[in-house]
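Structure, as structure tokens:
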């Protein structure tokens, strides 16, 4: 088990129903994709937020990463939809 | 013969030694190229100003024209080097 | 490259003239300054306001990465980028990019590049509030923005 | 197209913020404003001043033609162009172009287009005065400026 801080933005935040949380992750959660799959087992709100998994963007320690990125050593993992600033 | 106002700018003006003048043109001066050839017969300063005839730009009634443009009806003809504004 | 890069993420509006002045003051080597201001459109009266959410910390860091890349790529002499968050009314500013370079094309390209990457990489999200009081929902990302970004890649 | 085109040829400096404000004030349909400011460089201390000569009347007319062409070509909502003449010191402004459009690329392209044509078609000429008091002579037109203009032609 490892402890990680998760932060959510935009409609990912709204659907999950919180902006941040700290979770204990099982050892078999190795990549961002594993994390998304794990979160979807935690309840309906996570399923709704992460349903279209391929559009979800992730950042580890405030840098963009692909879903294949290992999360080992991450202090903060962010999940959010495609950005619409500017 | 026809009467035309000529205006000069930048080093064309400096070499000719004046910024504007009114000239009577012989009937065989039909185009801008004819005008340049005619001016070069008027003295050394015109020869110096118009020596590299192909770089001289012309405007008739404040619109850019090619050397082949007829000058009939021109109120004002301007001669000047390539522009360097901006 | 030691070109100054200034990045701010703030709720309040910015002062275009002050930002340009602070970037170019006392310098005789700048030949071109380009500014881009992005404004909130009223969508023919339908839009009441935009609400901009951002990821504090990463928003600044990501815009700084983009600006430093632009400085390197286009040889910019200085660049400033300011992005607002919170509630923004139609006609108000959302984002400002300023670039300075000796010649004009680098300043144009640099500002254009920064905006394309800022749109697709900086962690901001827009929610619409309609003029009639209802929620318009979250703005969707546009494929056109990805296309605009991808034109800066070597393979087109 | 009924987009406002404002052109001025003047000795005095301009106020960037005032020009942007006057072009966008009271409008909710503008999404992007791009400004280009061209400044007098000191050429590493060699240049004392630039003297800008222009063709009164034609200078304004030619810049207006260019701006109207840009409005039509890029669907601009408004554009302003101001060109100074007379003696201009290093660090001072020479020219300002402002463009407004619903989306960002048209504003960038419009300002870029106006500058490329203004450089090669607007009747202005620069004479250099060196910092040591000698005359540097008339600035030569650059082939690169013709090339920049020609990229806007259909045949490249």
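Per-chain residue numbering starts at 1, and chain names A, B, C and D are given in the order in which the chains are listed.
In this section, a residue touches a chain if its C-beta (ideal position, glycine included) is under 8 Å from a C-beta of that chain, and two chains touch if they have at least 3 such contacts.
All values derive from a computational prediction rather than experimental measurement.
Asks: What are the chains that subunit B and subunit D both touch?
Replies: Common neighbours, subunit B/subunit D: none found.
Asks: Tell me, please, which chain's centre (mean of its C-alpha atoms) is farthest from the centre of subunit C?
Replies: Max centre-to-centre separation from subunit C belongs to B.
Asks: Roughly how far is subunit A from subunit C, going centre to centre by Cα mean, in whole Å?
Replies: Going by mean C-alpha positions, subunit A sits 26 Å from subunit C.
Asks: Take the average of all CA coordinates in subunit B, do the same for subunit C, and state the distance between these two points in whole angstrom.
Replies: Whole-Å distance between the two chain centres: 49.
Asks: Using mean CA coordinates as chain centres, what's the subunit C-subunit D distance in Å?
Replies: Measuring from centre to centre gives 23 Å for this pair.
Asks: Give me the residue numbers in subunit A that touch at least two other chains, ranges are fine.
Replies: 86
Asks: Where in subunit C do residues touch two or more of the other chains?
Replies: 38, 104, 115
Asks: Go ahead and list every pair of chains that touch.
Replies: After working through each pair, the chains in contact turn out to be A-C, B-D, C-D.
Asks: Mind pulling up the subunit C residues that touch subunit A in the complex?
Replies: Contacts found on subunit C: 38, 52-55, 57-59, 61-62, 83, 94-95, 115, 118-127, 138-141.
Asks: Report the residues of subunit C in contact with subunit D in the complex, numbered from low to high.
Replies: Subunit C residues touching subunit D: 15-17, 20, 24, 26-39, 41-42, 44-45, 90-91, 102, 104-105, 107-108, 111-112, 115, 148.
Asks: Under the touch definition given earlier, write down the residues of subunit B that touch subunit D in their complex.
Replies: For subunit B paired with subunit D, touching residues are 7, 9-11, 59, 62-64, 78, 80-86.
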